[in-house]
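The following pair of complexes shares a single chain, chain A, combined with chain B in the former and chain C in the latter.
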Partner chain A sequence: MFSGPPPSDYFAIFGIEKKLALDVEDLQRRFYANSREWHPDRHARAGAAQLAYAEAASAMLNDAWRVLRDPVARAEYVLKGEGFNISEQRGRDVPPELLEEVFDLNMALEEARNGDAAAKAEVAIALAKFERILSEIDSARDGIFVAYDAAPSREALGELRSLLNRRKYLQNLVRDARAALV
Partner chain B sequence: MSLFQIDFGDEPKPHKVVGIDLGTTNSLVAFMDLTAPKVIPGVDGSPIVPSVVSIPEHGEPIVGAHALERLITHPDRTIYSVKRLMGRGVSDVQDELKLFPFHIAPGSETVIQLSLGGKRFTPPGISAQILRQLKRNAEAYLGEPVDHAVITVPAYFNDAQRQATKDAGRIAGLQVMRLVNEPTAAALAYGLDKRENGIVAVYDLGGGTFDISILNLHDGIFEVLATNGDTHLGGDDFDNLLLRVALEDITAEWGADLSGDPVAVQTLRRAVIEAKHQLSTLAVTTIAFHYQGRGYRREITRDVLENLITPIVNRTLGPCRNCMADAGVTPEQIDEVVLVGGSTRIPMVRQAVRALFKAEPHTELNPDEVVALGAAVQAGILSGHVHDKLLLDVTPLSLGIETMGGVVSKLIHRNSTIPATAAETFTTAVDGQRNVLIHVVQGEREMVRDCRSLARFDLKDIDPLPAGMAKIEVRFLIDANGILNVSAKDLRTGKLQTVEVKPSYGLSDEQVEAMILESFAKAEEDFNERQVREARVEADRILNAVDKAKGDDAYMELTDGERALVDNSIAELLLAYHGENHHLILDKLEALNKATMKLAELMMNTAVRGALKGTKIDA
Partner chain C sequence: MAYSDKVVDHYNNPRNVGSMDKARTDVGTGMVGAPECGDVMKLQIQVNTDTGIIEDAKFKTFGCGSAIASSSLATEWLKGKTVDEALDIKNTDIVNELSLPPVKIHCSVLAEDAIKAAINDYRAKQGAPVAAETVAH
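Let's look at the complex of A and B:
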């Protein structure tokens, strides 16, 4: 360390292979170990150049930790690296198989916001359903992670991307529903 | 490390780095003694320096306990709670100004200018006076120059407030090695003898600010998971409520409105603060106020105080819940809760914390000292004396830039571990455009107008090219102090661009430099001379107190021998007083203190008996 620029690849920063399924506890141990080495506080008495290097390396490490510890952010990072478009816009398309239920929920949300108690109960039922779908998506995602790590393919990544788009849409919906029930 | 380890002189001798808690009400300085942090007492023996600065007509500013006295005698020349004004513009502090007797000079939009005795002072300039006093205390105690420090700030301080604190340090002649968040510092102080692993919540309710931080402790790593707070919420607000009630009461009783009389207001403020403190241990007390021959007494119960402050205490709960949500923890997952700040002595505050976190909060360490102790530990980390600990803190507020239509584009999200960085590429909108203006804001809201403007800067001297061809990469780095640094690079040429950041609030670099030069000119006074003067001031105080005590009945309870010893000690102190040896003055001062110890105890007992009589409640 402290020669040449810090690695810009998030996996390389932790000294691990690029993988979608990660042991977050192991990642945390590596994060702490690297922090002990790179954090500017460890170089407070060094020259300006070394301090600046420590700051840059540490900032990169923090960024990498923030992204890789979260399965969704991690998947998006890998997708982006492989040239997939993961812009915000894609999370706004309604998953076709849920069109009807989403429409019903939005109606109920509108009524619940206007103080309709019956609508609130409807929202609660829909919320439970969408939360269940969300956790199904997460297990499907973990399945793709393991499959991709064993045999990387663009098909798997394409599937992952549409799964994440659906997830993002559902998550916004769940967030709105929870807010309406408070 | 062995004590006998030979110093080969490879590394320069480490600077002595002190830790400073620059508080709204009180400030303290601490240092890392061989293995544990220790607070440093001033000449009066107390480590607590009230954060009050008084500007006399002639001579140097007065800081601390003596300035606190002058708050009553010279309210127009004395400043308190200046921390509330740090990094703010005049429009931010309208509510405060109604209660402060300060005069604000015109031109206070970006930096508040306080007008005192015909001179102007900025909040960093006033804070620098407090820091200078702490530096002097540390130098006198440690017997060596001190010019490196770690200073604590509320975790929820924004960039401008942090920068203002750093400026204050520079003006005071201190190299600020690090700004540390107060709750994090407290966790560091507690972590010394507490559990090694677990999740800890730090609830910090001070004089003027409220912070909540949740940390993960892991073998000496203190990783902040999330922080939240309110930089305008604290014990001052309790005082102001009580003050308002008492003022209304007096208006009704006396038919005179005292709110425009600064001497009366400050005297009454002192009385309500006293009552507030007593209600932390007593169920009922009296606000007693005498002014211009008239007296006002009002009995106040703890219930009344609690009813009064409930809305303010409740305002701390929202940030606590948001902090837990951001940290991704439930109350059940929190292993320890730590209380920091004088306002956590209030039983009702403790009760609220207990109910929210479902845990018995820690109060073992003195809530007034714990932040300074933690700052000293961080100072030890930076100077290489503490090896096994490391703080990983976060930025409390999201950082973004203004885009089309006044919308904020977030670049670094709140609760990101710092140092944190983000890069954004900018281009030109019209052919031949030579500069791009960038506006940086801090806050969680979507629109620029709802966030805090942080700075504007101009990317200059861009090569004239067709629109959209120029590519300038701007890198935003929030350093370990939580302060933003900006650099820019022309991606086509690889050339670094000049960035002139114009902060929206705060002093310019030139202004800070000018204040440093000014302070150097004044600082040439001899170190020894200053110490002698300070020792004499302290001697005056004690001599006055003893003189008064001689009139007390308790004095007659002393034996002849004891009385002779007191007189003898006074004579010896007076002899030393007129010499130039401050050590001798302090020695004789201590001797007099010892000689009057019994007298003080007797007087204290009488006072306690009186107080107990006064608080008897009919069952």
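Let's look at the complex of A and C:
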């Protein structure tokens, strides 16, 4: 059982099937159980091979837990595994109509940072709007998760890829807008 | 990472910052964004409709020094060129001129995309067919 390296696949190390829609509570229970089982202290006297396995498995489990618990990180992991490269996309996933609003928000942010009170109100309105769009994106993401798990397809992953790009873009903006309003 | 002198110069003294009335038929507006870094770039050209020569170019970029320098340089290059000549500006020209490091190449790509988007917008307003390679965006 302790020969060779532990599974390098994040789903395999948890002993679960690859799924985009995961029950995070169940994942957490598995994380605690597996962490106890593979804690290096429990294998300290069991021989070098077993101890090395326990150490590697514990480290892998921690990495896997950090990624799989988060829906966005989990989706990125699955996308990467399926060959969807994150750095290949350019300015194509933000639709032009949203770009205008993004640009206007950036203008308002710049003015707000320069002490323009009216601009601050504009930022607040835009922030509420972008937060709403973000939560719509998250609902759409969860929908793709379920659809992909039922019937995996490249199309669904492509859709997910562009949705996550869009989300990342808006997330950066929302972060900046929140900072400007403090 | 150190910026090249040219990037610093464009960043400290950006050329042609501003905006034009995007409703004008002789003005083309290109708005592009880079999801990875949140950069957003607006680049506008004003074209003499008789000669096809770009008489003025303006930009406003929210982003890093390289993105600002790339778009600033692009507006300098655009002025005095015909629309067709402007389409020949490649991101690699910008990379070379500004000595952009590999991690900043996407900034020059953004500037090239902005030029193409502005020209497409102008041509669409003039009723001309848009460049095929950017139609599919």
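Annotations for the structure displayed:
Throughout what follows, the second predicted complex is superposed on the first by the 167 of 182 C-alpha atoms of A that agree within 3 Å, B and C clash if a C-alpha of one lies under 4 Å from a C-alpha of the other, contacts with A are read in each partner's own complex, and residues count from 1 in each chain.
As a convention for this text, a contact is a pair of C-beta atoms (placed from the backbone, for glycine too) under 8 Å apart; a residue touches a chain by one contact, two chains touch by 3 or more.
Computed from a predicted model, the values in this text were never measured in an experiment.
In the superposition on chain A, A:A156 makes contact with neither chain B nor chain C. After overlaying the two complexes on the shared chain, residue contacts for A:L22 are found with neither chain B nor chain C. In the superposed model, A:N165 makes contact with chain C only, not with chain B. Of the two partner chains, chain C is the only one touched by A:E100; chain B is not.
Of the two partner chains placed around the shared chain by superposition, chain B is the only one that A:D63 touches, whereas chain C remains out of contact. Using the contact criterion defined above for the overlaid structures, shared-chain residue A:R42 touches chain B, although it does not reach chain C.
By the touch criterion defined above, A:E55 lies against chain B but remains apart from chain C after alignment on the C-alpha atoms of chain A. Interface residues of chain A, counted against chain C in their complex, comprise 86-87, 89-94, 96, 99-100, 102-103, 106-107, 110, 165-166, 168-169, 172-173, 176. Those residues of chain C lying in contact with chain A across their complex are 31-38, 40, 42, 60, 62, 106, 109-110, 113, 137. Within the complex formed with chain A, the chain B residues making contact are 11-12, 14, 177-178, 218-219, 221, 223, 378, 381-384, 390-392, 416-421, 477, 479-480.
Per the touch definition, chain A reaches chain B in the complex via residues 28, 32, 35-36, 39-42, 44-45, 55-56, 58-60, 62-63, 65-66.
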